[in-house]
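As structure tokens, the structure follows; a few thoughts come after it.
Think of it as A, B, C, D, E and F in the order they're written, each chain with its own count starting at 1.
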Amino acid sequence: MTDRVINWFKYASPQTFYPLAGKLIPWFWALAALFGIAGLAIGFLIAPTDAQQGEGYRIIFLHVPASWMSMFIYLVMAFWAGIGLAFNIRLSGMMASALAPTGALFAFLSLWTGALWGKPMWGTWWVWDARLTSELILLFLYIGFIALQAAIDDPRRADKAGAILALVGVVNIPIIYFSVKWWNTLHQGASVSLTKAPSMAAMMLWGMLLCALACWMYSIAIALMRVRTIMLERERHTDWVRELLDEKG
Amino acid sequence: MLEASNLECVRGERSLFADVSFRLDGGEMLYLQGRNGSGKTSLLRMLCALTPAVSGEIRWRGAPIGKLGEEFRSELCYLGHQNAIKEELTPFENLLSAARLAQEVLDEEAALEALALVGLRGREDLACRYLSQGQKRRAALARLVNEKRALWVLDEPYVALDPAAVELVAGLIGAHLQAGGLAVLTTHQTVTVPAGAVRELWLGDGDATRRSR
Amino acid sequence: MLEASNLECVRGERSLFADVSFRLDGGEMLYLQGRNGSGKTSLLRMLCALTPAVSGEIRWRGAPIGKLGEEFRSELCYLGHQNAIKEELTPFENLLSAARLAQEVLDEEAALEALALVGLRGREDLACRYLSQGQKRRAALARLVNEKRALWVLDEPYVALDPAAVELVAGLIGAHLQAGGLAVLTTHQTVTVPAGAVRELWLGDGDATRRSR
Amino acid sequence: MLRAVIGRDLRLAMRRQADIVAAMFFFIIVVSLFPLGVGPEPDQLRRMAPGVLWVAALLATMLSLPRLFADDHRDGTLEQLALAPQPLGLIVLGKVIAHWLVAGLPLVILAPVLGIQFDLSRDALAVLTVSLLIGTPALSGIGAIGAALTLGVRGGGVLLSLLVLPLYIPVLIFGAGAVDATVSGLGPQAHLSLLGALALGGVFFAPWPTAAALRVALE
Amino acid sequence: MLRAVIGRDLRLAMRRQADIVAAMFFFIIVVSLFPLGVGPEPDQLRRMAPGVLWVAALLATMLSLPRLFADDHRDGTLEQLALAPQPLGLIVLGKVIAHWLVAGLPLVILAPVLGIQFDLSRDALAVLTVSLLIGTPALSGIGAIGAALTLGVRGGGVLLSLLVLPLYIPVLIFGAGAVDATVSGLGPQAHLSLLGALALGGVFFAPWPTAAALRVALE
Amino acid sequence: MHWNSFGEFLAMGSHGLYVWGSVVVMAVLMLAEPMLLVHGRKTLVARLKRQLRAEQQEAGANRSPSHHSHNAPRNTPQE
């Protein structure tokens, strides 16, 4: 009897989660657009010129949110993966798979915007410095996670294998974050130019935070959308998906 | 000793079997039957805790095998479709290293005798890659000769063996049962085990119902 | 059609068999018997010209097979201990690509029918890695359903098959013999082929005399 | 016939998907590792580039060699191929072509992109690509001999590299040499035509010894 | 128990003989290829040396990874190991140690000899050897995770390199960095102790996720 | 407002290429991702519907017991 209850939980959660996610998605899109417009407006229209870097510093409004998100999404992904591994909950595996592509996207954007920033500031697109390298490794970890899951047909096995990889890769996150502290490198430490002129800093900080919030909302919206697709695919033989498909005509 | 209740096995989108229950005590053998693809191998692997069951429970001496872990494994001897012998090593080396990995003591004399018993005299020191199909299977089965662990799980042990060897293996299983051991066995050949009680279990028709929850 | 004279097979320092001779005509089957390791597989591989014989000669339609080469191979269908199916491909793809490599025409309809006949309906599009042991063997044997080549050389075709499948394969061989084909077969199971004349050949006792020359 | 073999091998490669993508990734990663180990001065990087790219291409090809026949051998397909009514050499040719399409061509396509990373000039990039286009078939062909010779042999994959790498050295020298010659202002023609000769030999001559080696492996 | 696993794996390696010899030859050949591809100026060679030697060691290790569990998986031995009455992690530790003895240690022994070829100073040679001695166990340990994760998976060996190479990058950086630091007069201690931390993690932490991945592969 | 003219805005103090290069790539990718998702979801739903319809037809046309059990939903617990 207990088995049945556990089963019910296991299988029912996607079923209840699916419509809930569907309702939430538009709200997150709206918030993402709101914060994005506000942040970009502050960052690109209102915020003053940086004393040291000129106008080039405005890449910060893209680069920092992307970098933060790339690390943060990895943590969330590893969290879900770990939960899935420990408690064998189907939904968490799906969440991890749903987050990975977005995380990879942000890791790539962090590298891309960083490279475009590095050329005018450091005079080079790329250096093999600790933070840059560990961010690159992060991108490869995301790609490895996606490739590993794609290579395994059985979704349950794919979830578990991916979870192990994700958990092993977590060591990389503190390395990225603290690399500037542990090794003195070319890359900016904690916000050099922001402290220079406090009056400007407020605007910059606001722009940056709003952009980061926008990326956050975007990630949630995207992850929910993707997890819904994954659910449909994986649960296609369950009654609730069949009913859903029937309803849609 | 070994109890399974309401086991269900799902492969891909197929539910191979559901609600399989049985109980096996010392001196008894479970003879698992079914068409090709009906899930016999899958069930055996569940009994070894290699694959988790989708639902249902397996108990050994009253405790769920997932919890028991090493305790259960130290009483279990599994022989699968694969022979688990190294082609580069000789039958003698294979036998010894299998025993060592299972943390059993097997002296060289006993190993040589076991190999002679399964008909590999003169091949003890020939790398297994040169053995014939049946001789490889014999090399794998030589483990059973001195096997003292309580639960034997054998997946088509008779495959590729000639009639004399089949009889020999059946004899080994019989002796094991008589000593109070348990065995779970699948085979498509009709072979009678000389001793012990046999329970039969048929698995569904192999063309299982599509799964729907 | 197929004649072997005074074949000898040497493995390592052992002479497995010597002076093996036989003759096989259309509609006849050679049932090769012997203990594990007596050299059955070795003999079959010689008949396919995969291994050269130490001494003796094999002739097909009067000409030595070594000379015939491709001509002989285009009349030969061999199925060994190994299944020769790709685990990544589906049974359907395996069947089609085997036919294409053998330069036979096999349309998709016929392939699907053959797979259904050997009991793989519903598994046509599942990668072979997921099939059970017996289903893999069935996928390999599906080749025989539309096989028109004259000489079938089958090494333990019944291994891992359930009784229904064994009967089916025996039926296929019988039909082949009735159509004037030849077959050479080994097996440790007692299976009667429903049609055609059967010649038996026993290979030595497997524990062959140590070679001394 | 050729089409059947190529078709089958390509289908297998597609089925394993990751094969193609990951061979490219291996190439990318190896090429990117060197700046890591060596340091970032652009001048030095530029001088290293041809060597590094060619060595990486060579290693990427070599990594995929063991599977060229091993899978077919293990599951019995190789026996079936040897018993097919065509000359085994032709079948091998088909397999070599399929191998190049899966393991060689992607490298050719990637090379210019990676070359940019090393700050190579446009001319040098073009020559690099052409040299790989000519050279990689030779790698596949020569590699097939090694793969067949080491089939089912105890040494396995590593023995294979032992056999094949020395044979790859001429390809490496002419290939990297062509790019070097361009960088230093000399024409690449001489190197490229030698490479072309190697490629022709690799593709049309190598299948026959390979077939012979396969028959030996099957005995 | 550990001894049983290590003993068996070593015996297998000895039986295959070529394995050890050929891994070393691979290392030697890759290291020797670079001067061929890059050209013979001693100054440039000296600067390249740490990177090239470390990359070669990394690749040589990586090449031997796919066989770490694949052979055992194919012939059913892995199931037996998983069913043995010890924790699977311990067994994996044994296999990792055996792998290092077969694939790592020979590289450490060879490295100083090959370093001479690159005109390295005595100090740099010593640090190179020590860095390899500390670093190669990390390579074996980390590699085991990748080997277990890709076991029986469609992508096979190449997916393995995709997973493992990024994790190898820190080892490479610290390893080559230690030698570089010595060459440029800074002390190698900082790099070496980081390398040591990686090695400890690789050998004592990695077996557990590896064991988990193996159980998943066997399901 | 910080800018005096649109041209100045575009120039970004001579760093226009870098800044707008980042902005454009980021914008394109972040718009492409949801679009790809929506598209992928549409094709998936279409495929699933097709499969469902095919199954229902098969079940309707083929009343043989084995086929029937093939598609019959088993949502009641078997006791």
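What we mean here is this: contacts are C-beta pairs under 8 Å (C-beta built on N, C-alpha and C of every residue); 3 or more make two chains touch, one makes a residue touch a chain.
Predicted, not measured: the structure shown is a model, and the values here were computed from it.
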Between chain C and chain D, which partner chains are common?
none
Decide which interface, A-F or B-E, involves more C-beta pairs in contact, and give its chain pair.
A-F
Which chain has its C-alpha centroid farthest away from the centroid of chain E?
C
Comparing which residue numbers chain D and chain E contribute to their contact, where sharing over half means same and under half means different, the two sides are same
Centroid of chain B to centroid of chain D, CA atoms only: how many Å?
45
Nearest whole angstrom, what separates the Cα centre of chain A from the Cα centre of chain E?
32
Centre distance in Å when chain E and chain F are each reduced to the mean of their C-alpha atoms
41
For chain D versus chain E, what separation do you get between their C-alpha means, in angstrom?
24
Residue numbers in chain B touching 2 or more other chains?
12, 81, 88, 207, 210-213
Sites on chain E at which at least two other chains make contact
15-16, 74, 153-155, 159, 162, 165-166, 169, 173, 219
Give me the residues of chain F that touch two or more other chains.
73, 75
Note: in the complex, chain F contacts chain A through residues 1-3, 9, 11-15, 18-19, 21-23, 25-26, 29-30, 33-34, 37-38, 40-41, 44-45, 48-49, 51-52, 73, 75, 77
Please output the residues of chain A touching chain E within their complex, sorted ascending.
85, 128, 133, 136-137, 140-141, 143-144, 147-148, 151-153, 156-157, 160-161, 164-165, 167-169, 171, 175
Touching residues (chain side chain D, partner chain E) in the complex
15-19, 22-23, 25-26, 29-30, 33-34, 36-39, 44, 47-48, 50-52, 54-55, 58-59, 63-64, 66-67, 74, 153-159, 161-162, 165-166, 169, 172-173, 176, 180
Under the stated contact criterion, what part of chain A meets chain F in this complex?
4, 44-49, 54-56, 58-59, 62-63, 66, 101-102, 105, 108-109, 112-113, 116-117, 119-120, 218, 221-222, 225-226, 228-229, 232-233, 236, 239, 241-242, 245-246, 248
Touching chain D in the complex, chain C uses residues 48, 50-52, 70, 73-74, 76, 78, 80-89, 93, 97-98, 100-103, 127
